[in-house]
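Mind looking over this structure? Questions follow.
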C-alpha cells in the first residue's frame, strides 16, 4: 500500500495501536497500562520530531510545494471523499505540539484512578482525532477526525472529572457539537461549490482553493458557518462559555489536551478551511469577527481577574489567548498569522503546563480556590516554580513562548494602515497588562504569602513523573521563547498561499 | 334527471365522515370498529363508482374493492380478537380505559 | 337519461346510507349500531348491483353482512355487560368529532367536486361484466391480471389466522 | 396467458416463504422436546437464506404486467432487511424460549417472517393493490406480535392501540388511493405517473396527503406518529426492535418509490413542501419528546421518530445520492438500533428493568453491555468514527445535492436537532458511566445468541462506516435506476 | 582586551543564573554565594577590561576623525516579523553602554559581596533561599547588561521586561510577608503598564521607520549619534498625524512613558517606595543604582530622535522637573529610612531626566550649541555618580537595618557611636548627593544645573531649589539615624555594631569611589555624538549650588542634630502639608481607588457576572427552553387512541389544506 509508505498515516495508526494495546491490558495491571501508554506517547514524539526533520530537509532541498508528504487514497468515490494526507509548516508544528502534550499528558495522569485503562483508551482516541485532523487535507476526513477528537471529552470529563462534572461535560459536548453542526453544513456547502460547473466536485482542500469556484453569494453564508463552527472550539466570544465549566471539571490530562491541542483545532480550521477556501467572504466579513475576537481578548482577561478557582482563571485566560489566535488569523498578513500559530503553540504548551500544575496542586490540596491556599511555594517548591514559569509565559515574558507569539501578532496586526485594525490592535495589546494582573494575583495568593491551611504543610512536592511531565512542557515553552525564528521559519512560508488568495480576492 | 358520478360520491363521503365521527366519539371499542367498517366501506364505493363511471373498460376498481373487502375482514377479525383479549384482562371494552401508556 | 326506477332506487339507497350511517355512529345501543351497519352494508351492495358488479355485490353481502357482522355480534355478546346502560357522550367530545368529520368531508368534497374530470360523468351502458371474465382476470399473470395479489392475500389471511391464534390462546 | 415463470423474478420472496414453510412444518410436526431448538433452527435457516440472497445476483425485471418489479435497489434493500431480521431473531432466541413465551414461540417466528414477506411486497410492488396487501401483511400481524407478552397488560394495550390506528390509517390510505384511481384510472404506478403529469388539482393534493399519512403511519412521521411510543413501550422488546428498524426501513423505501415513481411529476409543486414540513416536525418533535423519557423503550421510540425524519431527507432529495444514502442510513440504523435493543432486551429479560435510572452505574457491573449501548448511542447520535456519522453525513450531502436553499435550511434544522438528540443519547451514556446507584443491575450473563447478535451489531456499527465498499455497493445498485430521478429534475 | 568579551560579560551572569538556579539549589548555601561572588568578580574584571579597552584602547576604529564610534560586537537575528522588521539580539558597545557595563558590574559585585553578610543571621548562617537569591541577582545582572548593550529598541524592550521580572522576583524574595507579596505585584504591574506604552511606541516607530535598529534610527554613518539619521527616520512618517500630533511625537512619548515606568517618574513612581520591601542589597542594586535608570538610558539611547521631536522632549522636561521636586518634598518627611532613600532616588533620577530634556530648545535643530550636548553628558555623569553613592547609601542603610532590625528611624537614633564606619560612609554618601565638592555628586549635579540654566533661568532656579531640598532631607536622615538622641540599648549582647567585613568592605569601596568618581573625564568619554565636549566648571553656577546645598545642610543640622521640639512644631504648624507629604500626597490611595474601586469593582466584576449570567445564561436558557417545551408538549401524547387519531386526521387535513392554499392560490 502506497499509503503506508507515508509517515503521516502513522500518526493515526500509532494511537490506534496504543488503544488496541491498552484494550488488551487488564484494569488491574497498572504497570502494563502505563508501559503501553508511555510507549505510545514516546512513539508519537519520535514520529513528530522525525516529521519536523523531514519537513526541514524537504524545505531545505528546495521543495516549495504547498504541502509535502502528499498521499491520496480514494475512500468514498460517490462523494469524492479521499483519504488525503499532507502537511505544511503549520500542521507540522501543530503535530509537534500535540505530541508534546500527549507525552506530558500521559505522565500527568500517571496515577489516574479509577479505571486507568479506559482513561488512557479514551485519551488516545482523542489524540487519534487530533493527529488525524492535522494530517488530513480532505474536508470529510478532517471533519471526521475533528469530531472523533471531541466526543471522548464527554466521558473523560464525566467519568474522571471533578466538581459539577455532569453538567460541564454535557455543556461542553453539546456546545462543541453545536459548533460542528454549523461546520458540517458549511462543509457540505463548500463541497457542492467546490468546482466550476461541469467539473467533478471535490473535498480536497487544495483543489478547492485552486478551483476557487465558490460563488461570492455562497461565501457570505458559508464563511460565517465554518468560522463560527471552528470558532466555538477556539473559544470565540460569545461561544466560549463551555470553556470555564469544562476545564474546571476536567481531569488534568484532559484539560491539558483539550486546552493544549483541541482548542487549536479551532484556530487551525478557521484558517485552513474558512479563510483559505473563502477568501472573498473572509475579506468582507472579517471585521465582524475581528470585533468579536478583539473584544474577547480583553473580555477574557478582565473576567479572569475576578475568578477564584484556579481552573476558571486559566479557562478565561484561554479565552483571551485563543481570542488572540483568531484575532491574528483575521489580520490576513503573514506576520500576524505566523504569530497566531506561534500563539497556538505557546498557548498550547503553557496552558497544558498550567493545567498539569493545577491538577497536581489540586490532587494534593483538594481545593482549587485560591482563597483557601497560600504559601505553596514553601511546601511544594517545584510545582511553585513551574507555576511561576507558566504564569510568566502566559503574561508574555521574553524568552518564554508567549512573548514571541504576542509580539509577532501585535507587530503583524499593526502593519495594517487603517484605523480600525490599529485601534483593535491597541485594544488587544492592553491585554498584556491585564494578563499580568491576574497572573500575578494568582501567584501572590497561591504561592506566596502565608500558608492558609495548616494541613497543607504536610503535603509533598512533585513526584518524578510529575516532574518529567512538567519539565517537558517547560523546556518546550522555553525553546519556543528562546528560538522563535526556528519555528517562524517553519511556519511562515505556509501562509503564502492563503495570503495570496486573500489578496486576489480583494476588490480592486 | 341524471345520476351523475357525484351523486354516488356524496353518500360515500358522508359515510366516511360518519365513520370518522364515530371513531372519534365512541367509547366502546366495538363501536369504534364498526365506525372503521363504515370508512372502509365508503372507500370501496369510491373505487367501484370511479371504475364504473370513468373507466368502464377495465375492472381495476372493482377488483380493488373485492380485495379490500377481504382485507377488511381480516382486519376486523384481528381487531375484534384483540378487543376481546383486552376485555378479558380489563373487563371492559371502554377505550378510555386503555390509556395507561402515555406521555 | 336514467330510468325513473333507477333514480328512485338511487334515492332510496342514498338516503338509507346517509341515515343509517348517521344512526350507526350516534345510537347509544351497541347492538343497534351493528344492525344499522348491516343496513348500510346492504345499501352498499345495492349500489354495486346498480353498477352492474353483481359479483362484488354478492361478495359484499356474503362477506360483510354474513361474515363480519356476525363477528361483531358475537363480540358484542361476549363483551356486553348486563344491566350496564349505554355510554353517554359529552358534548365536547361530540363537537370535536363533528369538527374533524366535517373538515374531512369538506376537504375531500372540495377536492372531488372541483376536479374537472369528474364533472357531469354519466353511467355508460353496454358494459359486459360476467363471472368468466372476472375469473380470468383474477388468475391471470398478465397485465391487469390479479394472480399475484390473489396469492399475496392468501399469505395475508394466513398471517392473520396465525395472529388470531396467538391472540386467542389463553397463555 | 399464464406465465408462471414470472415467479422466478421473485426469488427472495419465494425463498422467504420457503423458510417460513420449513419453520411452520418444524413448529407443527416436530416433537415437543425438539421444539426448543426451533428458534436456532429458524435463525440458521434465515441465515442460510440471507447468505444465499447476498451471493446470487440480483434478479432484475418486471413481472405480472408490471405489478411487481425486482431491480438492484429492491434486491439490496431486501437483503438489508434480511440481515436486520436475522439479527432480531438472533436476539429473540432466548426470549422465545422463556417460560411464558415458549408455547407461542413458533408463531413469533412465523409472524415475523410473514410480515417480512409483506414488506418485500411493499418494496417491490408497482401496483397499488399489491402494495396495499403488502402493507397490511406487514402491519396486521404486528398487532398480534405486540400482544405477545400475554402476562402484561401493557402488551395488550399496545396491540389495541396499534391495530386501531393501523386500520384507521389504512382507511385513510385507501381513500387516498381511491382518489388517485379516480384521477388516473389505473393502479399501476407507471400508468398513474403518466396520467398525473401536469395534474395539480386539489384532489391530487388531498390524495397525496392521505397517501403520505398512510405510509407516514408506518414510518411514524409526525403528526402520524402518536401510536409509536405507546406501542414500542408496551410490546415485547423483540417486537419493538423489529418494529423500529425493519418495518421502518421497508416503509421508507416503498415511500420513496411511491413518491418518486407515482407522484414524481408533482414533486416541486406539491409534495416537496409537504415532506419539508413533515421532516421539520418529525425531527423536532421526536427530539423534544425524547428529551424527557425515562423508559428506554419509549425513549428509543421517540428517537426512532426523529431518525425517521432524517431518513426522509434522503427522499426529499430525489436523487441517486439521496436514495442510496437513505438505504445506507437504514442499514446503519438497523445495526445501531438493534445494538441498543439487544442490550435492553438482555437486561429486561433477566431483571425486568427498562428505565434509564435502572441503568445507573451499569458500566461497573456489565462493562460490555454498557459499551455496546454506548456505541449504539454514539452511532445514533452521529458520532464518528461510528457508522451513524457516515450515514448522517451522507444523507445530508444527498439532501443538499438537490441544491435549493430551502433544503440547506432544512439540513441546518436537522443539524441543530442532532444536538438535542445528542443530548438525550448522552443521557443514557451518562446513566451508565457517570452515575452511581445503590441498586445497580447485577452482572448479567447473556445468552450466546444475544451476545452474537450484539457483537454483530457492534462490528457493524464500527465497520460499516469505515469500509467504503458497502456504500459503494448500495450506490452502484441505486445508480442502475437513476433514470427514475432524471424525470423529476 | 578584545571587545568581543562584552558577549561574555553579558552571558556569564546568565550562565550563573542557570547554574545557581538548577545546580546551586542542590549545593550548600554558603558555597553558592561564594561561587556567585567569584563569578561576578570575573565578570566585573571583564567589564572593566571591555570599558577600558573601549575608552582608552587603540582597537579598530573606536575613534575616527575625533568621533567615538559605537561597535556592534554581535547581532544575530532572533525574531523575524517581516523581512525588514527583524528583532536582533546583539551586543553593542558605545560610550554609555561601556559606562553602564562598569556601573552595573561594580554595583552588582558590591551587592553580591555584601549579601554574603546581609543574607545571613548574626551567627553567619545563610538564610533559606540563599541560592535562589544569588540566582536572581545573576538573572538581574544579565538582564541589565543585556539592556544596556542592546543594538535595537526592541531588544531594550525585551530586557525591560526581563529586568522587570528580576525586580519582581527580588522584591518578592521574602514572599511570605504580605507587604513584599503586594509590593512585587505592584512593581511589576505598574512597570508593565508603562511597558505597554513602550510597546505601542515601538510599534508606531517601527511601522514608519521599518526598523528597530539603532544604526538606522540614531547612528549616523560614523556609528555615533546623528541628527541627520534621526531626521530621516522621522521623515519616514511623512508628516502623518494622529489627533493633531505627529505620529513620531506619539511614538516617542509612548516610549518615554515606558522609560518613565521603570525610572519611577510621576505618576508611575508609586511602585518604587513599596519595592523597598525587598532585601536592602537588592534595593541598592536594582532600585537605586541600575534598573531605575533604565528609563534614562532609554531616552539617552534615542536622544537624537527626542532632540528633533520637541513635543516629546517638553513632556519629559515637565515630568522630570516636577518629579524631582515632588519626590524631594516627600523625602523630607519619611520616617522609614529606605523609603526616604527611595524618594531621594526618584528625585535624583528626575534630575537625570530633566538634564536630558533641557538639552533641546526651539532652535537647536539647526545649530548644535553647547547646552544640549552638556545636558546629555551631565545626565550620564550623574547616572554614574548617583549609582555609586546611592548604592553606598542603601548598603549603609542595610547595615543599619541589619543591626537594629527595623526600617524606622525612631528605632535608630544615636548610632554613630555603635557603628562608626557605617556612619562615616553614610556621611560621604550624603555629602556626595548634596553636591559638596569634591565628592562625586557635586560635579555631575553642577553640570546638570548648568544645562538647566542654559535652557532657561526658571528651570535652573527650580532645579537649584530641589538641590537644596536634597541636601536637607539627606542630612535629616543622617542626623536622625546617627545622632538626635542617645541610642537605648536593651540587650548588651545584641547591641548594634559595625557589620562583618563582607558588608563593610563594599561600603568602604563605594565610599572611595564616591569620593573620586567626580574626576572621571566624562565630557571626553561620554557624549551623545562621540565628539569630546569641552567644558569647565562654571563657578557662578557651582558656587550657587554649593551655597544652596550648604543652606540645606545647615537647616537640617539646626533641626535634627540634637533632640529638640522644632521639627514637631514645624510639622504642627503645617499639619496638612506635612501629612500630605508623609502620606506621599495620597497617590497610593488614588491608585488603590482606581484599580480596586473603578477597574475591579465596576469593570471586572460586572464582566464576570455578565459572562456567567448573560452569555452563559443564554445557552442555559436554550437548554431550559428545550426542556420546558418538551414538558409542554407532553400532553399531545395523552395515551388515548382517539386523540391520536384526531391529531393524525387533522394533521393530514391540514397538510392537504395548506398545500392547497399554497399551490392553488
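A, B, C, D and E label the chains in the order they appear, each numbered from 1.
Operating definition for what follows: a residue touches a chain if its C-beta (ideal position, glycine included) is under 8 Å from a C-beta of that chain, and two chains touch if they have at least 3 such contacts.
Bear in mind the structure is a predicted one, so any value in this text is a computation, not a measurement.
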Those chains that touch chain C and also touch chain A are D, E
Sorted by label, the chains bordering both chain A and chain B are D, E
Maximum distance between Cα centroids and chain D occurs for chain E
The chain pair with the larger count of contacting C-beta pairs, comparing B-C against B-E, is B-C
Per-chain Cα centroid nearest the overall protein Cα centroid belongs to chain A
Per mean C-alpha coordinates, the chain lying farthest from chain A is C
For the pair chain C and chain E, the C-alpha centroid-to-centroid distance in angstrom is 103
So, in whole Å, the Cα centroid of chain B is separated from that of chain D by 27
Taking each chain's centre as the mean of its CA atoms, chain D sits from chain E at a distance in Å of 77
Separation of the C-alpha centres, chain A versus chain D, in whole Å, is 42
Residues in chain A with touches to at least two other chains are numbered 174
By the touch definition above, chain C meets two or more other chains at residues 96, 100, 104, 107-108, 110-112, 117-118, 144, 146, 149, 153, 156, 160, 163-164, 167
Note: chain E residues in touch with at least two other chains are 623, 634, 637, 639, 641, 645-646, 649-650, 653, 656, 660
So the complete set of touching chain pairs is A-D, A-E, B-C, B-D, B-E, C-D, C-E, D-E
Touching chain B in the complex, chain D uses residues 128-129, 132-133, 136, 140, 143-144, 147, 153-154, 156-161, 163-164, 166-168, 170-171, 174-175, 177-179, 181-182, 185-187, 229-230, 233-234
Contacts from chain C onto chain E in the complex sit at residues 96, 100, 103-104, 107, 110-111
Within the complex, chain C is touched by chain D residues 1-4, 6, 17, 63-68, 100, 103-104, 107, 110-111, 114-115, 117-118, 121, 127, 129-130, 133-134, 136-137, 140-141, 143-145, 147-148, 150, 159, 175, 179, 182-183, 188, 201-203, 205-207
Residue set of chain B touching chain C in the complex reads 1-22, 24-28, 30-31, 33-35, 37-38, 41, 44-45, 48-49, 51-54, 56-60, 62-63, 65-67, 69-74, 76-78, 80-85, 87, 93-94
Chain B partner, complex, touching residues on chain E are 634, 637-642, 645-646, 649
